[in-house]
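Take a look at this one; I'll ask things after.
Which chain is which? They are A, B, C, D and E, in the order written, and residues in each are numbered from 1.
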Amino acid sequence: MKSPFAISTPVFTRPMLLMFVVLGTFPLWGTSVGLYNYLGVEIIIWIIYALGFNLLLGYTGLPSFGHGAYFGIGAYAYSLCQLNVFESVWAGILLGAFAGGVAAGLAACFLSHRRGIYFALMTIAFGQVFWFIAIKWHTLTGGEDGLLNVYRGTLSLGPVDVSLKSNEALFYFAFAVLVVITLLLWRIVHSPYGKALQAIRMSEMRAGFVGYNVWLMKWSVFTLSGVIAGLAGSIFAIAQESAYPDVMSLHASGFIVMMTLIGGGFVSFWGPVIGAIIFFVARDFLGSLTETWLLWYGLMFMAVMLFKPEGIAGVWQDFMKKQKAKSAATPTSQTPKNSVAGE
Amino acid sequence: MAFFEAKHLQKRFGDQVVLEDITLSFEAGQLSGIMGPNGAGKSTCFNVLTGQYKPDGGTVHFDGQDITGLPPRKISGMGIARSFQIMTLFDEFSAIDNIMIALRNTVTRAFNPLYDLPGDTTTMDRAADVLAKVGLKGRELEQAINLPYGERRALEIGVALASEPRLLFLDEPTQGLGVDGTARLADLILELKETYSIVIIEHDMKFLFRLADKISVIHWGQVITEGSPEDLRANEWVQASQLGEVA
Amino acid sequence: MRNFTSKLMTGAATFAVVAAIATGSVPATAKPLLIGLTSDASGQYANSGASDRRGMLMAIEEFNAKGGVMGREIKTIHIDTETTPATGSRVAERMITREKVGFMIGAVSSGVANAISQVAQKYGVVYLNTNSSSPTESGKNCHRVKFVWDGNGKNFAQAAVQNAVNKYGKKWLLMTNDYVWGHNTSKATRQLAEAAGAKIIDEIMIPQGTRDFSSALLKIQQASPKVIAAAVGGDDQKAMRTQISQLDMGAKYAWINNQQDWPDVYGLPAKNLFGVFGTTWYYKFDLPGVEEFNAKYAKMYPDTKMKVPGNVFFNGYWATRSLLEAIEAAGTTENHAVIKQLENLRIPAATRMQHDDAFMNPNTHQMQQTIYLATANLASKDKDDMFQIVAHASPAAVNDASSNETCKLESMADTPKYTP
Amino acid sequence: MDVILNLLPHLVNGLALGLLFALIALGFMLIVGVMELINLAHGSLFALGAYFAMSIIDPNLSYFGSFGDWYSALPLALRYVVALALAPALVALVGMGLEICMRRTYGKKAEYGLLLTYGAALVIEETIRITWGSAEQVMPIPDAVSGAFFAGGMIYSNYRFYAAFFALFMIIVVWLFLEKTPYGATIKAGAHDSEMVRALGVNLTRLRLLVFGLGASLSGIAGIILTPIWGLRPHVGVDVVIPAFLIIVVGGIGSFWGAVIAGVMVGLVVAFSGAYVSEWSMMSMYLLLIVVVTFRTRGLFGKKSALEN
Amino acid sequence: MLDVKGLRKIYQRGFINKEETFRLEANFKIDEPQVVGVMGPNGSGKTTLFELITGSNQPTEGEVLCAGQNIHDVKYRQRDRLAIHYHQSYQVRHFSKTKPSFMMEKPVSDYPMVHLFDEPQFNTQDGYIGFMLDFFKRLRADGRLVFLCVHPNEKFHVKIMREACDRYIFVQKGQLSFADDYDTLLENPDVMDYLGALAAY
């Protein structure tokens, strides 16, 4: 007999398909609501980045305030590959992801037996060190000016070659990467690994006594999120046709934390997606209206932290709960309620 | 050699010596108790035995193997599970997820991303069995943080049982439970005693006298006396205190 | 129901019109010309960015007053580039693909300018780099669509170095901001100084973001040079100036500071303005037209903190004015024609309110202009009259020859056509 | 001998700098120690203190008629002292306002409080930009502490030594306050066990308000003292909050002297690296942090803290 | 076993005009394993005496020989192998260090010879008292010397002292007086004053 509590994880879920449909058709409707394709590209890139980051922040509860470093390293690796090794988009993004992972893995060796504030500060320290290196190693990174003229290449898909010159083409490419990453992360968070990460967030000590290798888990999740950041960074380098050190700064690293939390990364798999969209649309919109967009964004952020720290996903979940309570007459056979299960 | 044996354990925190010289042994199939007044070093002793702290001196052997100073996950892997005095459940998980994540089967597949944990019928069945064993049938989907105190205690034990231990350590399981709760817990432990070797740390003498096969009393960081409940109960001060004569 | 339908119809019609205007398919003789202003409004260069923008707006205002350019009213859109290259890219993409601007003007930070010019080149949009003075802007990172209006670090070094070696002595020390601009500038200074017979006794690297210069200043005292050439920019420089003047070290050594932007020093005590530094313009020039120019500024910006126009404003103004004049001369807004006009740009000294004629170098797209050396005007009672011009050098004398080699402009054929 | 003569000025400078760093960390430490809260708005409060002081010393009094004339005619030193007393009090009010906002986050994840202060930092910084403009400004300082002096063939700035002594003075005042007054005792008890404080009948709400106000005003004082050296611009706070954070962690959370010693260490490291390997001077403090925290999990003198979880 | 030779500890106040605030003098020798009861008013010097015996306090004069070894010559961290001081329930080993540890001797014993229990908490509700008394007896049987300091303010405290101790020391104002059994102890008028009503039990 099938256990009444076993609910197998579907490969696709409704929110996931909704996200795919809404984002995937962006070039078709984006311009008519006053957005533009390039913005769509950036949003997709940062969603990828934020999804990977949330594995660390939302699932494992490890706040990294220096994650921009791995994003930036990905961008540099991609650019260096294109400029000095050979012009292949595939090789570039693989190298970007790999470089992000190596850097993150190295930092994680020092970080993985830290917790709380010490962890947070060490991530800042490593972020700063990588940032300094990026600025100082002129011969490799171009220093402050960064690596320029990394022209968008062509993507070879077996028999067909697709040029990524237009923002539209790049958008679909980034979107395809996003789909793959989403499916992958969705799978991961529903595997024992993902569950154990959440367990570590709730009680690291207990997870150790249950038998998990907490150090290795923390190390691997940091590295994994570094790989994804590096991947996103290399697509960012394609979009920008350059790699700059600025994305590695503390400031830029703060943005990823902000967007993940505003969206509600602590309570939902989809939080970072919402957060990245809101962050970019608000930034683009406010940036063209006022010169003090950070003031308004800061106020918005404070309001979220004050009134709904679970973020927008939290608001949504509360709303759904109320709806459910209204129709409580019918008994529901719901999934086991998990914190980040991904409603 | 006994099933579990600790010899001359010593533990200091800076200037403070918490464990002076602890020598203990527990037999397989028995329920052993550790008791002592507050602040006697019971919890520290427990933490050293289960690997949370490394001792400054002495050795710990389990089933013939030296486990002194091994990290908790290794000790857990050898078949020792423990509950906590200050409860450390996975609060945001449901009761059944708390068990599920602790099952040996899950732990060994920790790095297998293809394994669909929530969808695995056998795993879930086994988790449900464990919950039933600790009397939480019907509460499977409740979030751990929403469970009443007594049920959280039971779930604590359930999580420890989930890893199919050969030796189960329980850290002050009655703490915070009322008379009623303590009685129910005692029943549960008596049941578990059939299948597991258990060590309980407890302040409450009566509770241990009822359940244990052997009791060690710890004070000043050392074992000040040891024996069967009958032996210990024979002490005139103990009797007097239980009869309420000295007060 | 009828009512609703009619509303819907009106709504749809309005939407169609709006969409049509946005995509530019409605033929109109006097379609406004939209110019994107990309100067920084936040971050390190916010203040300079604002000054830059005021210059552009004054030029645009002049043209609009006489009926716009080629009968088209000039409109502007400004989006903050946050002194961040990544934002610069995004803003440029947005301006071109969403706002459909005809031209883009404005930069203070070279990183942002690079980012914008790459995007601009991709689409063929003419972009004016008004105020970023990194030599790489018209060197390694030059582009066919980009024109650079400020003097660069090498120009300033050329103007200052020979002079200083003769006047102050041969024992030199370099202070270098540890990033590309600083390195390039110091390298240029070193070459020129050594050529003039000076000896560089030490080079102290100042990491970007340094707030405390005490150890560097102690080091300088220990080395006791005659001349210190400091290529330190932005906030670092501001902090450095304060600390040097606290030590009264400003007068003890001859300081050569590559360039000093007006907005960066406006309002600081004259004591902090020690040493010699380069600039492209000063509002106290005794040249025809300057007074009218100042008066126009005062009239247009009565409420700004800066009561007089400075060099950043000047560059912003002249870049914009030259662009609009080039469009009129070309008779079209088509980019290739405008680029050709700008490449052949020549402005007489009298018009440009400088001491020599200015002209565009067609190979590097950098404006060649008179470079001035200034120092603090300690005698002045007027708090606006902060500088004292000590010398000026003609464009030929300060020519940045190396840019001619390093700059490789894209061919016209490789530059997409773009007609706003 | 020459080597020593060469090193000595840098040692002196490093110590002075270290005291300034310790001063920067003081307000941050108080709030971290008692409330177990990382106040990322620390830097913005620092900047705010300096801006307030500047406005008090050199205000725009054209609307105040004869009072304005009278005030402007007062000696600079007097106005400076007024600013030194008044500006921190104003910052304390802002800090208390922030604490009242913070209350909603107590008992929730520590990150929420931290991020709220991050938002507050953005808001304060932008507000400064709107109010005072983004240009560099100069805070006037009295003649008594400006200028420079000669010693051993080197010029030293009077102000820097005044600032270092002021920092030392503040460190001692705060220490005496914590150690020798009943308020200090309560605050320290609060740092170790908020349950106990509540049990003692201390109004915890008021204690937190007080501590936050005090911490904020210390940030403001640090701003007033330091901006004449570092310069005054809206984003000056960013240069402050990271070193403060770092010093607290190197010193160990909850340890007063740990923070002071860490501040001095950072000062020495920055001063010596600035003199001998200047390219690395900005990075040196991060390397110090990595080294210290790698070998000592809780910093130099850290105690166990809830912030670890 | 324990030889306290001409031990003197003087506390002073003031820098110039040194004024003696407290003086403790002790001179005794115990050869047999036994349980020694220690009583005396607060501030009489009981804890100081214990600290001097365990070596955590430096005497002004005299020495403490424990199992023949001068405790102040033993490495700090290992002094508890000779004499151990239990503060209520935990133990604190804090030493004012006068010379580096490596210059000192190793202890001759590996389990404390002298156990000093400083006012252990006797809680009548839980019955642990019985186990504690058994423990003292066991230590004595193992050849250890036990000091038990109690400040009686309940009837059962007196009972414990009577039951558990072989010998008594009464400390008052830094002076020690000895008694070989409880009744002898009560003959001392100071003790009677100190015990007050409890002396009747």
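Operating definition for what follows: contacts are C-beta pairs under 8 Å (C-beta built on N, C-alpha and C of every residue); 3 or more make two chains touch, one makes a residue touch a chain.
Keep in mind that what you see is a predicted model, and the values were worked out from it rather than measured.
Once subunit A is left out of the assembly, the remaining chains are joined by touching only within these groups: B, E | C, D.
With steps allowed only between chains in touch, the distance from subunit A over to subunit C comes to 1.
The minimum number of touch steps linking subunit A to subunit E comes to 2. The most distant chain from subunit C is E, comparing centres defined as mean Cα coordinates.
In this structure, the chain pairs A-B and A-D differ in their number of contacting C-beta pairs, and the larger number is found at A-B. Distance from each chain's C-alpha mean to the overall C-alpha mean is smallest for D. Put simply, the C-alpha centre of subunit C and that of subunit D have 36 angstrom between them. We define each chain's centre as the mean of its Cα atoms; on that basis subunit B and subunit D are separated by 48 Å. Shown for subunit C are the residues that touch two or more other chains, namely 42, 46, 178, 207-208.
With touch defined as above, subunit E holds no residue shared between interfaces to two or more other chains.
Of all residues in subunit D, those that touch two or more other chains are 129, 279, 282-283. Here the touching chains pair up as A-B, A-C, A-D, B-E, C-D. Residues 19, 41-42, 46, 77, 79-80, 82, 84-87, 89-91, 93-94, 97-98, 110-111, 114-115, 118-119, 122, 134, 136, 141, 178-181, 183, 207-208 of subunit C are the ones touching subunit A in the complex. Chain contact summary for the complex, subunit A toward subunit B: residues 2-9, 187-188, 190-193, 195-196, 198-199, 202-203, 205-206, 208-214, 217, 220, 334-339. Within the complex formed with subunit C, the residues of subunit A that make contact are 31-32, 34-39, 42, 132, 135-136, 138, 142-146, 148-149, 165, 167, 236, 239-242, 244, 246-247, 252, 284, 287-288, 291-294. Put simply, subunit E touches subunit B in their complex at residues 80, 84, 86, 88-94, 111, 117, 121, 123-135, 138, 156. Taken together, the subunit A residues at the contact with subunit D in this complex read 63, 110, 113-118, 120-122, 124-126, 128-129, 132, 136, 204, 250-251, 254, 257-258, 261, 266, 292, 294-295, 297-299, 301-302, 305-307, 309.
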